[in-house]
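Before anything else, here is the set of structures, which you'll find just below.
Shared chain: chain A. Partners: chain B in the first complex, chain C in the second.
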Partner chain A sequence: MLSRTDARAEGSKIPAHRLRFTDFDLTLPALGLLVLFFVVPVAILLARSVSEPVPGLGNYAELLGSSTYLRIFANTFIVSGLVTLVSLLIGFPVAWALAIMPSRLASVVFAILLLSMWTNLLARTYAWMVLLQRTGVINKLLIGLGLIDKPLPLVNNLTGVTIGMTYIMLPFIILPLYGVIRKIDPAVLQAAALCGANRWQALVRVLLPLAIPGMAAGALMAFVMSLGYFVTPALLGGTANMMLAELIAQFVQSLVNWGMGGAAALVLLVVTLALYAVQLRFFGTDRMGGR
Partner chain B sequence: MKKILALAAAAATIATAMPATAADLVISSWGGTTQDAQKIAWAEKFTEKTGINVLQDGPTDYGKLKAMVEAGSVTWDVVDVEGDYAAQAGKNGLLEKLDFSVIDKTKLDPRFVTDYSVGSFYYSFVIGCNKDAVEACPKTWADLFDIEKFPGKRAFYKWSAPGVIEAALLADGVPADKLYPLDLDRAFKKLDTIKPEIIWWTGGAQSQQLLASAEAPFGSLWNGRMTALAQSGINVETSWEQNITAADSLVVPKGAKNKEAAMQFIALATSPQAQADLAKATGYAPINLDSPKVMDPELAKTLPDAQTASQVNADMSYWAENRDAIGERWYAWQAE
Partner chain C sequence: MLLNFDRLGRWKLVLLGITLLTAAFLLLPILFIAALSFGSSQWLIFPPPGWTLKWYQELFADPRWLESAWTSFQIAIIVTVLSVLLGLVTSFGLTRGRFMFREALKALFLTPMILPVVVLAVALYAFFLQIGLNGTLTGFVISHLVLALPFSILSITSALEGFDKSIEDAAVLCGASPFEAKIRVTLPAISHGIFSAAIFSFLTSWDEVVVAIFMASPTLQTLPVKVWATLRQDLTPVVAAASTLLILLTVLLMVLVAIVRKGLKS
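Our next item is the complex of A and B:
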């Protein structure tokens, strides 16, 4: 994204005669791959969505005209929004703690974060199933402690999907937030205190606004990833919590209706790109840690 | 030691990176214990007999099969599919006609033979119950749909396939010989009455997990999974009352690279001994009518083909005809 004039304006240390290599031609192989593996498949998808089973916009009409499909769209956004919100609420304190804790302790926490990311997604999802089910560890513990009489319905519903997906999204929120919070000069908090702010005011009026770019980057990442989520909602949710990705998989794998599958996939893509555009407009690439 | 490990790792990398050679036969099935059994009962015997190496792939994915055939780049030679899908895909030109001069169909159960497919094994949806978790076990489909008499969650197969709709209609009092054409309105109305109590299972292992953990103490399961649960020492009960049978089929995708070897493979897989061996390992029934002759009679008694007294046959040709329409309604209803 670094254009030539930008680089100069920022006093880049790259010598002028080498600057031309940062130009367009070097990006050609990457662009070629992008065209081959992204643009072409999307074009095929688009073509199928308007040509199968009959030419026309019938698939889109069916998709947007059916209350069931619209509910799946709405559900996808509600679940993604919920997961993003919960991830932010849990992720912010963790990122903050990471930024101020001694580096040795921080590296342990990082190791835990990354290990969870590197563990197979399916294994993690099944683990949650075992933990959350009626006869699972959490319910048994709560009953054993006398806190509840009847097992709580924690899985095969929205609760299960939210817990499972939040767990998977947390590292994607914490890592960018950590990057941003670390860069905040501790002196600004001291300055706030000197100006008479109490701890709460310092958090809300100084730290939070400064951390917004990190939150925005993390939230966008979590939201967009959630929109396309498949395995976790399919296993931890009920059929009423179906998300778009599962609907698409059903169209493609089970009903072998590629027209509808393509149409649903394209709607998801367009909405995702629109969201990204909105975010870019409000926060810009540089403020999102794009550089 | 380290060197040996590194060498072994390198060798393993190369081995997995190597594409299937032209002579290798590639089989796709559904994974899990059933595919393991198919590997031992069929693939290893086939390699012994012909010297042709058999590679296992999966899970079977109808979208992928269609894509392979359309792209003219078919990497699967023999595919284990659901019976109704086989009937439909054959008509839609996605499959090779089977060579019945190689495959002896005279002894195969005619319910499971078409021009394009032969049965792989046949199974029943039965009513399974974890006896330790409940006071009484449901015996009939009507019981399983009665949440007052049998409170608790019940497990049902999630995908649109023969089984659940038939069970709902039987529970609602439709006689077994009047099931088809399926009265979908009536079936969904009946299913509505227990919808909040249903936990859907997407694969055999999950159905076992649900029952064993008593997350859903009873439900509709494949009979082979119940056999396996009982063998693993869990106190379960299987009711064969109105067991609903359907079959998997073996097919050859159009344009498969090793068509001739594929026919030989299917011939072996459907032979009396191979079918008997698979039945022994899985608890599913053989589709070769001579297989019971080479089986332990005690074992034969536990298979679906010995439970014909109140057996209900899912109508594969009806499903093939209406597969797409039922599927769309099925998934829409689930998501409501």
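Our next item is the complex of A and C:
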């Protein structure tokens, strides 16, 4: 990039064709967009967290010193952890089955996975709001089957958020796991059988360990994504189990408290980046993606 | 044995059962909403007592729904065009360049994808309050573009990395200008990457809700914001009708992608 600046400085002595773009220059428009409308706004927000209403770390002290806010942090981690765990428990057998199923059946399941992933988030969340309400299909079905007498509180609480979020995260767990299990050489499992391992031993001591990179990568991604979710917890959760993203929105929208909003945003940002660094360190960028 | 479907024995049924149940779980809300949007009950009773189109009539009779859909569409189209153009130029720089910090730059371009959207939403909202871009089309386009661009860069760089540059060089040797070679040789070869960049960008913008909630004004809002605002009041079946149309668009785009992929293979 220096060469071009020099060329410019020398002006007309340089023939026109030497004024060509270097490869770095090609990235400048996007870089400009990103710096102006991403880096700078986030930096300003974080700066406000230590300058409003008074300079100092007061906002952070308030955020980390209040039991109300600590409960929101704890709830955010509990929901994300629970969602990740449930997604992993359901996702592993599905990814495993997908990796070995007859291809026609597998492609049908894949189409369903992609359809659900691509379907508008609000449409899906709305569906769960209706399905899970007191007079909703699920409660009616359970009562009809005689399993319960009174409708279960399935929405506006932890159950609702967990169901709705697991629904969203499942594809993000299944797809990377599928990739990993597919690459495992079946001969390794044949060898285990030859050495006398029964099915359980082969599963626990060969297949599961070999799938761990996929599980860890998928789980980490689902966990990080869950931490920052706003729409689904806001619509399916209750007032008692607010999550961090909602808290940030509330500070800014209803309380117009930019200092606290910025501080809460920084906490979310730091946790996300730290977990993302772990992901990069151990699994590289190739399993990122999805919406 | 564990990786051979036919030799799984009883486990085969268990795996198959879990997979089919999961597929049903994933499909259930989508089919349910589509069915409810034609149901006659205002209280979203399932199965509905009768079938009707009145929610769609109500949807299309309300100018605010149509306006927000039109706003969403305009924004998504502008974002798609800008995202593909910027993504293309940036990807050429990133894949062909041999400059310092190239990997770091690439990582920076992908960060909007991994950061919690709410942080970007709040930060942009504050920033746009200062410069008067909240509630404007420009504000929507910029914020959606920041979110869509990583998908463009990811799709196009991976296509470019898979393209053998010597073919482009050969075109230059045969007398094409470097620019002409890029337009007539390289672009057609990476068209699948450009196509997925466009689809991802469109859907990112079209479905985006968190930033849009902050960007929206009483006079300018996108379809997801309208859905969100309506949902906060009640669970009216009109939202089911709007959701069904959103789902329909997704299915159409998926079919389009499948057709294009098939076309590329043959």
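Here is the rule we use: the second predicted complex is superposed on the first by the 236 of 291 C-alpha atoms of A that agree within 3 Å, B and C clash if a C-alpha of one lies under 4 Å from a C-alpha of the other, contacts with A are read in each partner's own complex, and residues count from 1 in each chain.
The criterion applied here is as follows: contacts are C-beta pairs under 8 Å (C-beta built on N, C-alpha and C of every residue); 3 or more make two chains touch, one makes a residue touch a chain.
Just so it is clear, the model here is predicted, and its values are computed rather than measured.
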Do chain B and chain C fit side by side on chain A after the overlay, or clash? clash
Tell me the contact category for A:I72 with respect to chain B and chain C: first, second, both or neither. first
Once chain A of both complexes is superposed, is A:F37 in touch with chain B (first), chain C (second), both, or neither? second
Taking the superposition on A as described, I'd like to know which of chain B and chain C A:Q133 touches: first, second, both or neither. both
On the A-aligned overlay, A:A47 touches which partner chain: chain B = first, chain C = second, or both, or neither? neither
Looking at A:A240 after the superposition, I want to know if it touches chain B, chain C, both of them or none. Which is it: first, second, both, neither? first
If we overlay the two complexes on their shared chain A, which of chain B and chain C does A:I148 touch? Say first, second, both or neither. neither
For A:A277, using the defined touch cut-off, is the partner it touches chain B, chain C, both, or neither? Pick first, second, both or neither. neither
Quick check on the superposed pair: does A:A61 touch chain B, chain C, both, or neither? Answer first, second, both or neither. neither
Greater chain A contact set [chain C / chain B]: C
I'd like to know which partner A:N156 touches here: chain B for first, chain C for second, both or neither. first
Looking at chain A, which of its residues have contacts with both chain B and chain C? 129-130, 133, 135-136, 235, 252-253, 258, 261
Okay, in this complex, where on chain B does chain A touch? 61-64, 66, 153, 158-160, 199-200, 202, 209, 213-215, 324, 327-328, 331-332, 334-336
Chain A-touching residues of chain C, taken from the complex the two chains share: 1-5, 8-9, 11, 14-16, 18-19, 22-23, 25-30, 32-33, 36, 43-46, 86-87, 89-90, 92-94, 96-99, 105, 107-127, 142-143, 145-146, 149, 151, 153-154, 200, 203-204, 207, 209-210, 213-214, 224, 227-228, 231, 235, 239-240, 243-244, 246-247, 250-251, 253-254
How about chain A: which of its residues touch chain B in the complex? 66, 68-69, 71-72, 129-130, 133-136, 155-156, 234-235, 238-240, 242, 247, 250, 252-258, 261
Residues of chain A touching chain C in their complex? 1, 22-27, 29-31, 33-34, 37-38, 40-42, 44-45, 48, 90, 93-94, 96-102, 108-109, 111-116, 118-124, 126-131, 133, 135-137, 140, 167, 170-171, 181, 184, 186, 189-190, 193, 199, 202-203, 206-207, 224, 227-231, 235, 245, 248-249, 252-253, 258, 261-262, 265, 268-269, 272-273, 276, 285, 288-289, 291
